[in-house]
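See below for the structure under consideration.
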Amino acid sequence: MDFSAPHMGFVISSYAITFVVLGALALWIFARARSVTRRLKQLDDEGARRRPTSGQVET
Amino acid sequence: MVFAGLDFTAHAGRMLVLRGPNGAGKTSLLRLIAGLADPAGGTLAVEEPSLPADALLGEHVHFIAHQDAIKLHLSVAENLNFWSSFFGGGDVTGAMTAMNLAALAEFQAQRLSAGQKRRLGLARLALVEKPVWLLDEPTVGLDTASQALLADMMTRHLDGGGIIIASTHIDLPVKSSDVLDFATLGERAG
Amino acid sequence: MYWILPRLANGPVEMMPAFKSVVARDFTLAIRQGGSIGTAIGFFLTVIVLLPLGLGPDQQLLQRIAPGALWIALLLSVLLSADRLYQTDHDDGSLEIMALSSTPLEVVVLAKASVHWLTSGLPLAIAAPVFGFLLNLDTALIVPLGIAMVTGSVALSLLASLGAAITVGLRQGGLLVSLLVLPLYVPVMIFGVLASSGAQSGIDNSATALIILVAIVLAALVVTPFASAAALRSYMR
Amino acid sequence: MSSIERFANPTRFMRLQTTVQPWVWIITLALFGVGLFLGLTRAPADYQQGETVRIMYVHVPAAWSALMVYTVMAVASIIGIVFRHPLADIAAKAAAPIGAAFCFLALATGSLWGKPMWGTWWVWDARLTSMFVLLLLYLGYMAIWQAIDDPRRASRIAAIVAIVGFINVPIVKFSVDWWYSLHQPASVFRTDGPTIHPSILTPLLIMGLAYSFLFLALHLIAIRSEIGTRRIRQTELARTGALQ
């Protein structure tokens, strides 16, 4: 790859925006997963939730 | 959704009265029977030889909900005429007589009082014959005379072998009724 | 599953009275409540007036954009007039009573969409070529534009009624309807404009475009009643 | 209560997801590594476009994935509507933001590609226009989930929106192609077709696979979160019910 080629800025910008958007998407999804896991654990600790694995039979 | 452990039977020629505090699920149960809601579990069975047991009551049901399903810009007669032709023919004159609406026939529905609107909504019961009536607080807004008209209509329906399931706070002068009380039931379901 | 599929217990013969009764009732209501046709045409005219004000009074430019501008005005008017198509029937309980009958809700949907077309799409499609004079519309295009609009507005009404059904239980439906329905309007508008623009760069594709427009209308006739009825049923339970 | 049936499959999904997830990530990263390496160092620069052609390796896979995700969403919606499978509804809902991000990227990189090629940031090119409509479909679908509180009702309405939108996509593509060919007959450049040299096609296909696996990785996590959210919602509802 030739970094001195014309329009190189557009190529770099394309890869940068792809990286930023996909990274932000992944971070958002991770953050959501973490907060959901934390809340579920909190509810479990309070004993508010019947675990689907304990009392009930799975098919 | 709101109740568990319900078990009841509604018999031909008898009325089943639903009682219970607000929010007990009387309306939800009526909607469930009508097929306007999905049960989270449990079954509803129809014991009628001409119908499959899992038949949806849907078209065999008159459902009187909180709303009267009337168009304010149509006259009383036009409202009834619409439902009559929608259901493929009905007795408009008879329906107006049954709920004492004949004198109001040409009135625009928006000029009716709340009680008169309720009567117009109830007149649908006499418009087309359907075996099952589901009435959600049918007496709301009715004066004593109109309540008597409604009771007459219900008695005639029961005498003809029909079924009524009604939620009501008022004891209507209708014979042969069973009571399903949500208050005692809630404890059992607890 | 049954909430998506209509109950097909009865033949089409028994559905006609119900269809006719809904058409007659809604038509009476539209006439009696008044304003609905007038408002739609008034809105249409407003859009037409705003265009030259925004673009400048260049007669040639206006002539060039006239068919497209009229189509945009048409689809916005149709869309906005359909916004509350099912609202009163939903709020006053009529829709539930209609659902509790042997008539499939799809028939009710078709009836209501037909009345909407009769009271907004059709009068607008007839009026649009006349209003075209305000945009210096080529007189040779009046007839093809009218034909394309009368045809295309059927699809516009059906799709708008689908948007109205999808948002019937929501408090602020208006903007959401636009977001949902405008992408569906893209093909109708493209072929509508092509069918009403006559020859472009020497090639006249308007006949082909009109045929495709008819095909889109037929597709909308098949899909939207089922989709609208399924949406209405979901809001009832 | 039928909560046993309702959660049996999501529970099985959760267990499967836990085992599969690391492998999906490994494959995703490997594919991105190989794809970027080949695309940026091994593939030749275009004799006309120069290095700009390398935008293709992020633009085209984004557009492919945006279409693929919408297809996944529509198929999940059909399964949800026909078989009433709650996991299908959840899968459809979880896919939408990822698809919308791909769609946005296809538009953004397309615009960045267009500037040096056409001299403007935005051209109403047939492909970009269809992508734009697809983005609107994604936004409408997500707006429906936002607007309806009851998840059961929302899933039905959203499924109708997704399916109707899915029927609409090819019609839009067809109409926009027609419209574009009439207004500007000559195509500026072509990235599709079998004429592409393998040294370009290979990295392109690998990047396409990389995007697909990235979607799979993120989708699995998003589904898990959505199942968790519904359990939280149900637990909290049950709790307020118990307080009454």
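We call the chains A, B, C and D, going by the order they appear; numbering starts again at 1 in every chain.
Simple rule for what comes next: a contact is a pair of C-beta atoms (placed from the backbone, for glycine too) under 8 Å apart; a residue touches a chain by one contact, two chains touch by 3 or more.
Because the structure is a prediction, the values reported are computed rather than measured.
Taking the mean of all protein C-alpha atoms as the reference point, the chain centroid lying nearest to it belongs to C. Remark: among chain pairs A-D and B-C, A-D carries the greater number of C-beta contacts. Here the spacing of chain A and chain B, counted between their Cα centres, is 52 Å. One simple way to say how far apart two chains are is to compare their mean CA positions; for chain A and chain D this gives 15 Å. With each centre defined as the average position of its C-alpha atoms, the distance from chain B to chain D rounds to 49 Å. The centroid of the Cα atoms in chain B and the matching centroid in chain C are 37 Å apart.
For chain A, the set of residues that touch two or more other chains is empty. Shared interface positions of chain C, defined as residues touching 2 or more other chains, are 3, 237. In the complex of the two chains, the chain A residues touching chain D come out as 1-2, 5-8, 10-11, 13-15, 17-18, 21-22, 25-26, 28-30, 32-33, 36-37, 39-40, 43, 48-49, 52-53, 56-59. The part of chain C that touches chain B in the complex is made up of residues 2-3, 7, 9, 14, 17-18, 20-22, 24-25, 28-29, 32-33, 88, 91-94, 96-103, 236-237. The touching residues of chain B, when paired with chain C in their complex, are 31, 34-38, 56, 58-59, 61-63, 65-71, 73-74, 78, 82-83, 85-89, 124. Here chain C touches chain D in the complex through residues 1, 3-4, 162, 166-167, 169-170, 172, 176, 179-180, 182-184, 186-187, 190-191, 194, 200-201, 203, 205, 209, 212, 216, 219, 223-224, 227, 230-231, 234-235, 237, going by the rule given at the top. Chain D meets chain A in the complex at residues 3-5, 7-8, 11-12, 40-41, 45, 50-52, 54-55, 58-59, 62, 97-98, 101, 104-105, 108-109, 112-113, 115-116, 214, 218, 221-222, 224-225, 228-229, 231-232, 235, 238-239.
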